[in-house]
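Okay, here's the structure, questions in a sec.
We call the chains A, B, C, D and E, going by the order they appear; numbering starts again at 1 in every chain.
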Amino acid sequence: MKRETLLAIVGALALILCAWAIPWLKFVLTVALAKGIAVLGILLLLRAGQVSFGHAMFLAVGAYTVAFVAPSVPEVLLLLPLAALLATALGLVIGLFLVRYRDIFFGMLNLALSMVIYSLLEKMYAITHGTDGIRIAALTFAGVSLEREVQEWVMFGIALTLAIGFGLLVRAYLGSPMGRALAGIKTRETRLEFMGVSARLVLLFAYVLSALMGGVGGALVSMTTRHVTPQLAYWTSSGELVFIAILGGAGSALGPFLGATAFELVRVYAAAAVADAWQMILGGVLLLVILFAPGGVWGILSSKLKGRGA
Amino acid sequence: MMEWFSDNGLLLGLALLDGLSYAALVFMVAVGLNLVFGVLRIVNVAHGSLFAIGAYTAASIGIFFASLGLPAWAGYIALVLSALLVGAVLGPLIERLLLRRIYGHEDVLQLLVTFALFMILEDVQKLIWGVQPIMQDAPMKFLGTVDIPFGEDVIPFTAYQLFVLPGVAVATLAALAWFLRRTLTGRVIVAVTTDKEAATAMGIDAAKIMLLTFSFGAGLAALGGALASPTTSLVPGVGASTIVLSFAVVATAGLGQIEGAALTSLMIGLGRSIAVYFAPEFEVVVPYIIMVAVLLVRPQGLFGVLETRRV
Amino acid sequence: MTEAVTRRTAMLGAAATSGALLFAGGNARAQAKPTELRVGITTFLSGPASVFGVPAKQAAELLFEEINKAGGIGGIPVRAFFVDEAPGTDHLVGEYRRLVQNEGCQIILASISSGSCLACTPLSDEMKKTTLLWDCGTQRIFEEGPHPYAFRTQGYGTPEVLAPLLYLLKHKPDFRTLAVINQDYAWGRDSWELWKAGMDAMKPGVRVVAEMFPRFGATDYSTEVTRLLAARPDVILSTSWGGDLTTLIRQSTERRLFERSLFVMPIAEASLPTLGRTMPAGHIIGARGDHWNNHPSPKDPARLKRLVDSYRAKYNEYPIYPVHHMAQAISAMQAAYAKAIAAKGAGGWPNDLELSNAFRGLTFDTPTSTITLREDGQGLEDQIVGLSSFNDKFPFSVPKDMILFPAAMVSTPVGQKSTDWLKTLKPDFVSQVPAPMAG
Amino acid sequence: MLELKGVSVDIAGIRVLRDVSLRVPPGGRVALIGRNGAGKTTALRTLMGLLPTRAGSVAIDGTDATTVPAHHRARLGIGYAPEERRLFGSFSVRENMVLPAQVLKLAAAETARRLDAVFTLLPELRDLAPRRAAGLSGGQGKMVALGRALMVGTRAVLLDEPFQGLAPVLAQRYAEALKRLHEALPDVAILITESNPELLRPLVEATFVIERGEMAPG
Amino acid sequence: MSTPLLSAKGLRLAFGGVKAADGIDLDVMAGEFLAIIGPNGAGKTTFINMSTGYLRPQAGRIEFDGQPILGLQPRAIVRRGIGRSFQLPQLFTEHTVLENAALAVASRLGLWSPLAPLLRPAWREEAMDLLERFGLQGVAGSRADALNEGARKLADIAMAVALQPRLLLMDEPTSGVAAAEKMQIVETLVRVLRQSGVTAVFVEHDMDVVARFADRVAVWSQGRIAALGPPAQVLADPVVQRDVIGISAHA
């Protein structure tokens, strides 16, 4: 626990320092934090032994909510909760159906539904502008419109604050009876039923929470990049989120942020180094992590710290 | 209703013909994925890459044959050769070097290993074949077209689309069913699918069977790609779109179910072509709607067996 | 090739840049002459659109090599930083920032896809960085708002659709039915909207028998082809490109759709080398410009030949239009720098504002013609449309009976929206179409 | 016939067998007793080659077999009936029994002879032969598993907790079958695991006791 | 005697051709310990599964405390006061024993609190207390999958008891347990259940256990109840001896 807190504080400070020293990284790190929030949701479901291979749909819902509403209400502090609300609502509707399924069916149904949403975003050209996507004009924060530089800092700050907030929330949740029951789905679901607990309800709660975080993550991504496209909901984007979860390590609520930062940095530097084979590098990193460090970045860091502490 | 049919019945007939050949292609990819999942319990995301590599290899061999001045029918040999090559070289390579290390790991890790492989192979493909569309349609042209009457008009269909694709699919289905039920190797595969350790204890080399099955599945993916190659032009990214579709087929069919894969492919093929005719907006979502609808009614998939939990 | 960027050098570079910014106070600072001219280029390096992106990258590498051999621009070497558009817009806008803030690029050549352009152009406003839209075709960019730092060094959707439409109206004025089969994304949808507006204005009463938008990157069109065969339209429009178009053409040829209907394919040019002899003759083809290999009277035949020959020699394939569009952007860049440096006097180097000012109203040469950048940033590129045909000089289809549409004739006037302007066209507009070119 | 010499085995990094030695003479009937989790199943799986050893050796017929792959041990005449009966549910009972013989590429006549011998020993299997294995009850399944093990187990059969969960009447019947087996095929060595030593006493000649992965004085 | 706590009438259920329940009538009285014996496949577990809502009989009815419970979800039946333990212990294997127990406590007292920790003082105390009563305090911190079979069985039952059931259905509480431990486990079990005033039904193969601890014995045979009564009487029945107990080779 102490290690986790220490690492979180050090990590947050390192992020702030990086963002200050390297202006363009501020953007990358904001996106990483936003995705990290969404990956927290994946982490919750992983605790229940379930892999959502379509979670990018909630990201897309959050992002498109911002894109659709921003022209009339360009206020960050209103758009964020609205995006969260809509993603939560979708999570609830889909979740009611999905929590009946487990394992590959759960994963593939998530994938299928995200592909339906992807296709709708692409097909409903009149509303969504198809693959071109929608540009989001400058937003206001608490009614104040901001300079680009300030706006970037504000978004970074919001992302960092929300990341810490959701990280703490998820940590508390995982230690709570509901969180422990969630982990019970992975090992002994029948026992839950015979304790008088609906395993589906336990999973639904986690699913809806993960949808909420997906929506928030998506809204933050869209407010940072200021452009949304259906690509956000494509299956490879969902694959990336799962990738980040494993890269960071599923052992801690810190994992998703470690993973997201590592992922974005690897991607950016790989793209800079070999613009036409960055995918190969990402794939290679993923392979190495799975084969040689299955605990992810969190696993490496925590074992290092442990070694030092002892 | 009747009026709609008398207006659109002929069109519906055409849609069925189109749907059939599409279903055949879908089946060819999905069946290999399904087989691999049945035995290895791994959802192989890289299956789409194997499809693409099979297609590219077939086209390359076909173009090479043509440059040697071989007759057009040699194109068919190229198709088979490509499937054999991918199945015999790439399949064992992937299984030995990668998959073998992660059997028994958590599902999500297995899934991600193949996802990583997919990312790598996408770039490898690009390095080998470049980005310009590659086309090699000799096998399709070789058989010419068949005129299907349509009212007073006729509609030319390629014989390749009308006969070769569904023919190969049906033959594959029959051969696989026969192979798994009637041959010793087939029964051994089923035994390993059911219980790897029990099978090993009775003298079955499970590692060999898994290698064999994966290579076979890879070969089927490549054959699917090879069969598709004469009708389409090959560009980067063909694998990515193929793979999601075959995922949908596998989950809808019931895991490891060959006949289920056939029926699902048929539903998806027909559903899609009917959508193209009458509601093109829905074309892309048809497979997923079918999947959700089927799983709503049969949570274990069309032909899936409900695994009873022991208490 | 770009070098691998290690984390440390990136950090140092960034720190230096931000430090310099602090002292110099941003854009208005006096600009010292840099040691190299860094050019950020976004293009598709993976995915289906890399059929355009990679040739363009190759063209840029080829031309930069030539420029550096000749002493660079303003006496300093140019260096390209390529970025892949394929991972999506959210990635691309981050990469744009990296190019500007970290790599220190002084000019950005942005984007093939309309989505990328729509995302990068506002960034150019915010970051005050001159950005050349080197290939994207969406008419929305300059019609929906001003972008002081963005310039398009080539034509765009409206002329690229209007020219083939006019050619059709002239070539086959009596057609009564039409079907469209376009890729389902912005260009496919927008180009149809433009075509329909123009067609309804100049030839009202054409019946549209099928509107099909198959998935972008679709690998099989047999169902669509069957439907088109059954519908028997007089004309079939398709603005598709890349693998999609070659597949559509092959499947249609095989099933004799080309014998039943006249095809209009405004951007067929890029697919013709791949199709080789299988491309049917006698159909209307366009090239998103005037840069055909068999242009009968290019402005600078030697330069055209040099570009084609050196590209072929290096990459063993014929250049397609993205190569020309990249070359145009680089020509524009050379011309603008020359103009800006001349304005500063010896030893001076333009800052961002001065550079962008140099582009406004700039006229630069291309191998086939000259292009002028209008006051709204839009370039005026002539369009040549013709009928597919074969000759001995090329192993693939090239146009005959070519008509050259002057850019000013087929481009929407400044300040108007394309669809509104197209609706104002009258049937007698066709009479202004020039006669086919000689040769 | 079968021998573990100072064998240590790890599962998932945890040592589950420590320096275990165990000997089954040809034609011998040996019990391995221990409570659940003591390492009985692990010992059998090690003998079958399904788990790698960390130390020590496995001998079959006096020759070192430590590195002989698992699937070759059936060829050496060793049959194995795992604790959970683990039949192939989609096959019939007959197919379940014939498959190992086919895998060993036995001649059709030899397969038929062995099948007949097993049917004589376990008469209820003859009636069950055409039924799908998935539909069998627990007791029937155990019988089929024994029969399947006997199809290849010409030298030895390893039976993992065959009495586990069997009602007394069925346990009785199973024990009788084992007695008949020994009378009919005295050369086949039998190694049985069980948590309750009382149950096996009348059936075996020697008893080993395992506790927490180590041999205890029996 | 008063009204039965659990009352089953005419339960029928067949899987394919196999009749797992072929007209089961059984009343379980409040406070008694009822043993169920019978050969494998006789339908003993099926009866427990039907009584706890895991399987639905094709005919018949089941009442608990005078209320029909047929058609209710397992969890609803648990809420009404029927607990069960399993032949294969159903523990959360990746959790500690204490967490397992605390989860059971939590599921009675308030699982749906997503922020307060599971091991809050009150719950931890109750869970520890429970483990102590079962003699499991020594392994409270171990992961559930590291326990031996006897401890696992006890933990499994402890989790059911944490829910404070009025009736506890136990499926083979001693199977797989080493013989030496068996009596001790059953003694612990019986003591706790008697203290808590829980009525118990348990499936058992060990006739010694049945003879010592059961108030009544029900003999299952091919989906029917072949005999029912006090152990001394039922176990002495020659038919039961022949068909169920067998000619004892090891008693």
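The working rule: contacts are C-beta pairs under 8 Å (C-beta built on N, C-alpha and C of every residue); 3 or more make two chains touch, one makes a residue touch a chain.
Values in this document were obtained by computation on a predicted structure and should not be read as measured data.
The chains in contact with chain A as well as with chain C are B.
Looking at A-B alongside D-E, one finds more C-beta pairs in contact between the chains of A-B. Chain centres here are means of the Cα atoms, and by that rule the chain farthest away from chain D is C.
Centroid distances from chain B, each centroid being the mean of CA atoms, peak for E.
Rounded to a whole number, the gap between the C-alpha centres of chain B and chain C is 37 angstrom.
Taking each chain's centre as the mean of its C-alpha atoms, chain C lies 74 Å from chain D. Note on chain placement: the centre of chain A and the centre of chain E lie 44 Å apart, centres being C-alpha means.
Residues of chain E in contact with two or more other chains: 87, 90.
Shown for chain C are the residues that touch two or more other chains, namely 46, 54, 213, 215.
Shared interface positions of chain B, defined as residues touching 2 or more other chains, are 122-123, 126, 284, 311. Within the complex formed with chain E, the residues of chain A that make contact are 169, 172-173, 175-181, 183-184, 186-188, 190-198, 202, 205, 209.
Chain C makes touch with chain A in their complex at residues 2-5, 7, 10-11, 14-15, 17-18, 45-46, 54, 57, 81-84, 87-91, 93-95, 97-98, 100-103, 113-115, 118-119, 122, 126-127, 138, 184-186, 189, 213, 215-216. Of all the residues in chain E, the ones that touch chain D in their complex are 16, 18, 38-42, 87, 148-150, 172, 175-179, 181, 205, 207, 243-250.
By the touch rule above, chain B contacts chain A in their complex via residues 37, 43, 45, 98, 101-102, 105, 107-109, 111-113, 115-120, 122-124, 126-127, 240, 244, 247-248, 250-251, 255, 281, 284-285, 287-289, 291-292, 295-296, 299-301, 309, 311.
Considering their complex, residues 46-48, 50-51, 53-55, 211-215, 217, 219-220, 222-224, 226-227, 229-230, 232, 242-243, 246-247, 250-251, 254-256, 271, 273-275, 278, 317 of chain C touch chain B.
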